[in-house]
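A short worksheet on the structure shown next.
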Amino acid sequence: MTRRSWIGWQFTGPFLAVFALVFLAPIGYSAYLSVYRTQLVGGTAFVGIDNYTKALSDPQFWEAITRVALFLLVQVPVMLILALLIALAIDSGRLYGASFFRISVFLPYAVPSVVAALMWGFMYGTNFGLIGNINEALGTAIPNPLAPEWILTAIGNIVTWEFIGYNMIILYSGLKVVDTSLYEAAAIDGAGEWRIIRAIKLPALRGPIVVATIFSIVGSFQLFNEPQILDSLAPNSITTYFTPNIYAYQLSFAGQQVNYSATIALIMGVTTMVIAYLFQRRSMKGAGS
Amino acid sequence: MTAPTIRPAARAPKAGKKKNSRSLSLTAVTAIAVVYTLLPLFWLVVSATKSQEKLFDSFGLWFANDFSLFDNIADTFAYQDGIFGRWLLNTLVYVVIGAGGATLLASLAGYGLAKFDFIGRKAVFAIVLGGIAVPPTVLAVPTFLMFAKLGLTDTAWAIIIPSLVSPFGLYLMWTYATEAVPKEILESARVDGSGEFRTFFSLALPLLAPGAVTVLLFNIVATWNNFFLPLIMLKDSELYPLTLGLYTWSRQANTVGGEVVFNLVVTGALITIIPLITAFLLLQRYWQSGLSAGSVKQ
Amino acid sequence: MGITRRRALIGAALSVTLMAAGCSSSDSDSEGTEAAATTVTDADVEAALQKGGSLTVWAWDTTIKPVSEAFMKKYPNVKINVVNAGTGNDQYTALQNAITAGTGIPDVAQIEYFALPQFALAKSVVDLNTFGAKSLDGTFTPGTWNNVHSGEAIYGFPIDSGPMALFYNKEVFDKHKIAVPTTWEEYATAAETLHKADAKSYITSDSGDAGFTTSLIWQAGGKPYTVDGTNLTINFADDAGSQKFATTWQKMIDAKVFSPAVGWTDEWFKGLADGSIASLVTGAWMPSNLEGSAAAGKGKWRVAPMPQWETGGKATAESGGSSLAIPEKSENKNIAYGFLKYAAVTEGVQMRIDNGAFPATTKELAAPEFLNKEFEYFGGQKINEILSASASEVVTGWNYLPFQVYANSIYGDTVGKAYLGQSTLAEGLKAWQDSSVKYGTEQGFTVK
């Protein structure tokens, strides 16, 4: 090993050591757990891939995956499009008090998701919460956001609220690095605002959009805190297999099924990685870079 | 593999940027977004001024006739022998050590990966990128069992050690270091006989500062918001961070003799977010320039 | 989240057979039903207390802390650290995790009756016969004493109990000229009358609660669970008591007479305080919660005997109630036992009553000063007379599953659907049964 090589490892080593302890070791341990089964009566036995075949035919697991997939397909585009529109508006230079807008939209990101979910939970109350207040004051009939048919939307709203500013800032930063001479050239050509957006700004944002989307994919598959907190308010709407993460938590902590839980967790981790990777590959190929 | 990378300032703010005429209608439309993001925070502020009774009796978006904010704050800090202050302190400790340490480790490693060509570098790249995609909650159970065997559960280390690693932070610092620290500076430092670590701290780190501040802020948010890990790892309420403490308060009504303290939960929530919001507002100049300077670019 | 879902207070007693306890994998079939020999005498315990040491106690019950302080005053060498490791299921999860991990295990843990079999099954808690606990026969109410037994083995000391009664808002009842219902038929009629008279008033709230459901089935004489070692039966579908409950309750769900407020939320307490939730059928531990959390109802509430399934009947059930147990891995078992006895049998009992607990000891339950106590919140009513009577009318022979904690966690997934109108209660109970059978089988039990 050369001296330079050794020094490279010295810089990287501390990070990798902790990374190995809190990422690689638990993943390895999960893999180990996933090939065993422990029963309340009967003890522990090696079961090979039984847990994996069980997971693939487990309707509750599939329901959880379908739910987060639906969430991913609806909430993520809505949130990103809104974030994009706000970023474009702020970047357009046509707003009064643009910096106020920038910081105000970003602020919810500083609110812990636990606090956000508690807060929205209070507000969602149809009897004494804000929704109830509004219904009473305006005579409207906003349905109960915590009813089973609305609960996913209600959670989507909380997540959108939390992360819209974060995504907006990422996109906005992407817009800031576009060379202004491009705009000037376009303006001389007589291009309108919309044409500039379509021809210059959106292509320039491809990278940031990919990054924001990947984070949203990972985030959606991890959905846990918001439904977990809302559960005490809407116990019948949020099942114990509402999301894959909640299912894994339930299996392991209420059901004592640590092995099966580890299997579910591993499958979800791999799925997330594959989807994020494929998405990134695809979108980058399109860019021709 | 083409990954989106981060790049230091691609353009300096130009004096001659074309001035667009301001539009009232666009401002009004965008204001809807601000109402959406700020209204819940306004609700929180209003609710924190209400007593337990008024919290249910009065309209959520306006102040009740009793102004109990200061009583609520005093009660929040006095309740259960002042444990809230303890939680605040814990959170600060976790943030300073966890987020600070994570930023340092990420800066060192990012710099190392960017500036030294060593065997295994490619493998590190692949593993860490994979790490970004693994949901931390997925690892919680095995991590708990491992930490229990190491005797780390129910200690502050159970919270601090996992928060020391931020694959995303490493990734940002790596791409940032690639661009921000010119090879020539390092070469000349080597010629002068400066040790590699001295070079890093005296020459490279200042150049990395905007990127590091951005990573630090994101790590602070992540640590401050940490909930799932403490939920699993900690039993002793003396070690709780604010998030977990508030959660237990919101749940404690469910027991014999358990008091309903929703007004304290609301006030506690407000107190919990104030430091973060303040940090973001005060450091606005730094993180916004850090983000735009190191803007995510393809 | 299932694990933290719904209040486990509303668990309750399992009775005579905690026999499953004896049948964990490595043990022979009947071992757990035999009492362990007494190996530690009272003198040994006293000596350990004088010598001193430190104890970690996991309890969420707020009355434990003052007891521990008095205990430390009496035994200055003992240091007790009371930790609130979560309420109910949260704490069992933590305890189970600590036991699995083998570290961080407390010396004393509060465990509700319905959850005790799970820990007894794995022998995670100490058989108190080692300390000669058998000699305390007759100290506790028969129901609670059975609750902590597994055959002859004794896995904890009862610290409170929850014989059920009807708590109602007299002002609301009077206003709408509703007589206090004595049967569930009358209760259902009252529910409709009230809601018709005032669309904002509900007789009670029920959005589905495993403990409440099982308690009502228990009162109706149902026996959906039978436990014989590792042989279980789980059957709601063919159980007369379960069906009686399902039929009556289905009518009320269909008539939409229940407040939608979910139990123990801010909206629920608000409803109890302002009269829009006009009654509750629940355990005897409720008064201190009403006093503390629905203060505005002061003077308006009263207590009446639990409504009956048969006219003129005198049957009740338990809701909730918990014990203190000593984990097997505790390193200070002698001191822990000293504390258990202090908190559950001797000086600690009265201290806990003074702080609002409902006792499980016969002496205190029959004491004139206890029975004659007038409660201001209940308009000066001597409510303990009714609650004490309820304690003696609890139907015998009820069993909980050795994995009741898990079973309760999936209640919302199954029976909960009936409360949303997506299925009927009978279908919901059947689904609950099927899921519980599936889990039991996977865990190695023989389930029919």
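Chains: A, B and C, in written order; residue numbering restarts at 1 for each.
The working rule: a contact is a pair of C-beta atoms (placed from the backbone, for glycine too) under 8 Å apart; a residue touches a chain by one contact, two chains touch by 3 or more.
None of these values were measured; they are calculated from a predicted model.
Trainee: With chains as vertices joined when they touch, what's the shape: line, ring, star, complete or other?
Mentor: Graph shape, chains as nodes and touching pairs as edges: complete.
Trainee: Name the chain whose C-alpha centroid is farthest from the C-alpha centroid of chain A.
Mentor: Relative to chain A, the chain with the farthest C-alpha centre is C.
Trainee: From the C-alpha centre of chain B to that of chain C, how far is it in Å?
Mentor: From the centre of chain B to the centre of chain C is 41 Å.
Trainee: Report the inter-chain centroid distance for chain A and chain B in whole angstrom, where each centroid is the mean of the CA atoms.
Mentor: 16
Trainee: What are the residues of chain A that contact at least two other chains?
Mentor: Expected reply: 122, 128-129, 232, 249, 253, 258.
Trainee: For chain B, what residues touch not just one other chain but two or more?
Mentor: If we look for residues of chain B contacting two or more partner chains, we find 56, 145, 251, 262.
Trainee: Quick check: what residues of chain C touch more than one other chain, meaning two or more?
Mentor: In chain C, 4, 97, 100, 264, 266-267, 270 touch at least two other chains.
Trainee: Along chain B, where are the residues that touch chain A in the complex?
Mentor: Per the stated touch rule, the residues are 2-4, 7, 9-11, 14, 17-24, 26-27, 29-31, 33-34, 36-38, 40-41, 43-44, 47, 56, 59-61, 105-106, 108-109, 111-113, 115-121, 124, 127-128, 130-143, 145-146, 161-162, 164-165, 167, 170, 196-197, 200, 221, 224-225, 227-228, 242-244, 246-247, 250-251, 262, 265-266, 269, 272-273, 276-277, 279-281, 284, 288, 291-292, 295-298.
Trainee: Of all residues in chain B, which touch chain C in the complex?
Mentor: Within the complex, chain B contacts chain C at residues 53, 55-56, 144-145, 148-149, 151, 153-154, 232, 235-237, 248, 251-260, 262.
Trainee: Could you pull out which chain A residues touch chain B in their complex?
Mentor: Residues of chain A touching chain B: 1-2, 4-12, 14-16, 18-19, 21-27, 29-30, 33, 82, 86, 89-90, 92-97, 100-116, 118-120, 122-123, 128-130, 133, 137, 161, 164-165, 169-170, 173-174, 176-180, 183-184, 187, 206-208, 210-211, 214, 218, 221-222, 224-225, 229, 232, 245, 248-249, 252-253, 258, 261-262, 265-266, 268-269, 272-273, 276-277, 280, 284, 287, 289.
Trainee: Quick one: which bits of chain A touch chain C in the complex? Just the residue numbers, please.
Mentor: Spelled out, the residues of chain A in touch with chain C are 39-43, 122, 125-129, 144, 147-148, 227-228, 231-241, 246, 249-250, 253-258.
Trainee: If you look only at chain C, which of its residues touch chain A in the complex?
Mentor: My answer: residues 1-6, 23-26, 89, 93, 96-97, 100, 121-122, 207-208, 230, 260-262, 264-267, 270-271, 402-403, 405-406, 409-410, 412-413, 416-417, 419-420, 422, 439, 442-445.
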